[in-house]
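Here is the structure we will look at, set down as structure tokens.
Lettered A, B and C in written order, each chain numbered from 1.
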Amino acid sequence: MESFLERNSFFSHLYRFFDAATPSWLAYLLAASVIVFVLVNGLMLFTMALIYMERRLIGRFQVRLGPNRVGPFGLLQPVADAIKILFKEDLVPVGADRITFNLAPVLFIFPVFLSLAVVPFGERYFLADLNVAVLFIMGVSGLSTIAILMAGWSSANRYAMFGAVRAVAQLISYEVPMVLSLVGVLLLVGSMSMVTIVEGQRLPLILLQPLGFLVFFMAALAELNRTPFDLVEAESELVAGYHTEYSGMKFGMFMLAEFAASVVSSAIIVTVFFKGWEGPLLPSHLWFVIKLFVVLFVLIWIRATLPRLRIDQIMAFAWKVLFPLSLVNIAATAVEVLLWPQPTTAQIWAMVGINWGVTFVSLALWSWLMGPTLRPNMPQLLRGATTGKAA
Amino acid sequence: MYGIGVLKGMAVTLKNFLRPSFTVQYPEESLPQHPRFRGQDFVWYEERCTGCASCAKYCPLGIIRIVTDPSGVATPQGDKYKVLAFDIDLGRCMYCGLCVEGCPYDALHMGSGFERARYRRQELVIPVEELRRMPKRPSTWFRPQMETKGYDPRMGKELPWQEAGRHEAPDVEKMKERWVKER
Amino acid sequence: MTLRTEPVTVNIGPQHPSTHGVFRLRVTFDGEVIQEVEPVFGYLHRGSEKLAEERTYSQVITLTDRLDYVASMTNNQAYVLALEKLCHVQPAERGLYLRVIAAELQRIASHLVATGFLLQDLGAFGTPLMYCFRERERILDMFEMLCGARITHSYLRIGGVFQDAPEEFWPALRIFLHDMPPYIDEYEQLLAENEILVARTKGVGLLSQEMAIASSTSGPVLRASGVPWDLRKADPYEVYDRFDFDIPVGTAGDSYDRFIVRIQEMRQSLRIVQQAVDQLPGGTSVGKVPVRAKVPFFIRPPVGDAYAHVEAPKGELGFYLVSDGSIAPYRCKIRSPSFINLTPLKEMLIGWKLADLVVILGSIDINMGEVDR
């Protein structure tokens, strides 16, 4: 208990505050509740910030302004959207399975909050420091697949069913490279605890694990259903995918959960690959937020640029590209860890060089192996119509 | 190597990210409107109109309703019909401008407005009273004489009826002389 | 153990984000793979051909605007050409050049829309669409200078165009001709080499040369299949025989070729506009040279019939007019390229996946105003 309080200053401040007036079990409960309250609402706040940022930045990427009417610079736009969505009629289709239909949005949103529990968002600021945090995140985030399948199946809509089936295939496939890409990190750091991962990084792990980062980032994009892997809710094909039939706040919960999942995934990326909260001069929370928004900006940038892939291409990409690449990464890292169990600074830089070399070589190799089908061809320009004068 | 095309595309979007936006904030500012813009508020000069109903005949949709009274008043230009009703149903108008093309006396012109939204369809009909009342800012569509005179509806100036025609407006004395000589 | 599966029939459209209007497809899927396609259209049928019989020849021009509403100029052009053939009217020289300038700008605008919406169908979240619309906006501005309308132009008249281009049009056109090629380069940089786009479009929706000819497709769909058939070269109308330009021809006939052929055609159109401006009789001075032959408004063509066709952005657009000597056409038949380009749709779709359906449909570039007429 004491050592936990020592390491978690966020919790210990609250605990000591409540401990002065109440018995210690109640103080513990109260302190935990306050932190959960702050975390959940903080995540909502960040989600709203992301929604605003996404709409404004995509506007700028598309050479327009984005929402700027509600409040100064349109800052209250997410609030206005939330109010609008709350007042919408709550429709349930006739053929729908009502219990499953109503349960799906709730089930979709809660794994997002669960995975936030183990993310440290500042020096000695976290809710829980599980020693199996990475495993926990992977396990919990897999739950959303069930919610999507429930939503799609219970809607009694064929578009929704298409979306759900696609989601199950895609999300389960991408779990594999996602987990495997983190194995390299675990090998280097030697712990699954998120706090230890941050503290154990002598260099930001993106330098040491470029291939692992690449695989994890793409798999995370796929898990988040963001472009170019957003075919679960591909609006030009499936209208809205698995949430076609949802309206009102139930739809709002799907939307909110997706954006919240983006925030949480970015937080995980920051923690694992960008040294988490650590940085010079500024306070640790601020560093965390800055890094978080940089990752979110890249997410938005990708969404603003790329078209989406097809279902078979996505599956092929997971199993034929990301999966072997993550195995290559594990092999390279394992050999390095075997060679230098306690690396000096020079050896770490040698590992950086080797890993970047491995990354480029393997990317080039896979590009070559996947064949020249993706090379564009240009049309020929002809001077005149060969068929001559029209009859 | 794969990914290069994607990175190139992302460079393009980043370049556009830094460009100023090309949209305009509509109620505060609006796009530059060109003098020939075929707008909603038709401009009708009662002084020039003889009630010949060419406009109604040229209209592909037949949305101009014109009622004239032959026992009308005498004007400096000579006798003409008195226009009792001149209703344009904007709800069905497609702004092709053929009525303006058909008008031999340059009495009817396209307007330059575009903000005539109404809550009911019948309010979209412009009755003759409103046509009389409305500010006279005609579009220069099919009116090359206005362009050569340098008239531009964007300046916000109203155009008096004497200057809307394709010929110089003759004064009364000249008119009388011509009528006497020609007959 | 064998799983019992059954095909699923889905109605795609008439209200669907990527059927380009009110197009409906009854598709039977086996999983995601298309087994059977039944296109259903007519939701936007307005009876343009019948309406034309009720209107005088000049009034029909306004109806043609509404066929392919992203390419009104070429619609006007096809109709006016047929009418001039019917009436034996020799149009004014300067008017012909203005027509060519307007038609080629319209082709660029239409191809921009086609490219933008193809990328929208591919899921690019509107960014290429907004870039394309930014340039299209400038073309529409120029059309507004010319004729006061941005979409439904009614600019062309029997014997020429209704009015000379205003003074402000020429500087705007010059700036546009200067600015446009870098923007086309930018589209190519953004799109043409993008691996995702190439993976999604290359080899998808193959249309063989024989099939393209047999189903009488035209325009970029036909040229992407490797047939160098362009009416501007094959049957030069107006003054197209005086310009020097190339025909981009695809090799494979897949969606990627159709997309890239359109991008290349934009460049060729810019070349034509530049040459037309250089050769323009009367130069850029306004109102010195007549742009319209003297033709009465209520024209009565001699009894007979005439067919004229133009290379519209989407393909061969033809008008067949029959005159009985009155002021209204006895019959007006429209050969609309969008409708006929849909003929091989079934052959192109079967065996592909749901995601390919929207891409193939987008690469054909249909316009429901023209399909249903």
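One rule holds for everything that comes next: a residue touches a chain if its C-beta (ideal position, glycine included) is under 8 Å from a C-beta of that chain, and two chains touch if they have at least 3 such contacts.
None of these values were measured; they are calculated from a predicted model.
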{"item": "Closest chain to global C-alpha mean, per-chain Cα centroids", "value": "C"}
{"item": "Pair exhibiting more inter-chain C-beta contacts, A-C or A-B", "value": "A-C"}
{"item": "Whole-Å gap between the CA centroids of subunit B and subunit C", "value": "30"}
{"item": "Between subunit A and subunit C, centroid-to-centroid distance (C-alpha), Å", "value": "42"}
{"item": "Centre-to-centre distance between subunit B and subunit A (centres being mean Cα positions), rounded to whole Å", "value": "56"}
{"item": "In subunit B, residues with contacts to at least two other chains", "value": "2-3, 5-6, 9, 12-13, 16, 22"}
{"item": "Touching two or more other chains - residues of subunit A", "value": "61-64, 304-306, 374, 376"}
{"item": "Residues of subunit C engaged with two or more neighbouring chains", "value": "127, 131, 134, 190, 193-196, 198"}
{"item": "Subunit B to subunit A touching residues, read off their complex", "value": "1-3, 5-6, 9-10, 12-14, 16-17, 19-23, 25"}
{"item": "Touch list for subunit A against partner subunit B, complex", "value": "57, 59-65, 68, 301-302, 304-306, 363-364, 366-367, 370, 374, 376"}
{"item": "Complex contacts: residues of subunit B adjacent to subunit C", "value": "2-6, 8-9, 11-13, 15-16, 22, 31-38, 58, 60, 94-98, 101-102, 110, 139, 141-142, 144, 147-148"}
{"item": "Residues of subunit A touching subunit C in the complex", "value": "58, 61-64, 158-159, 161-162, 227-228, 230-231, 234-239, 303-313, 373-390"}
{"item": "Contact footprint of subunit B on subunit C as seen in their complex", "value": "55, 58-59, 61-63, 65, 127, 131, 134, 137, 141, 144-149, 152, 154, 162-164, 166, 168, 186, 189-191, 193-196, 198, 286-287, 297"}
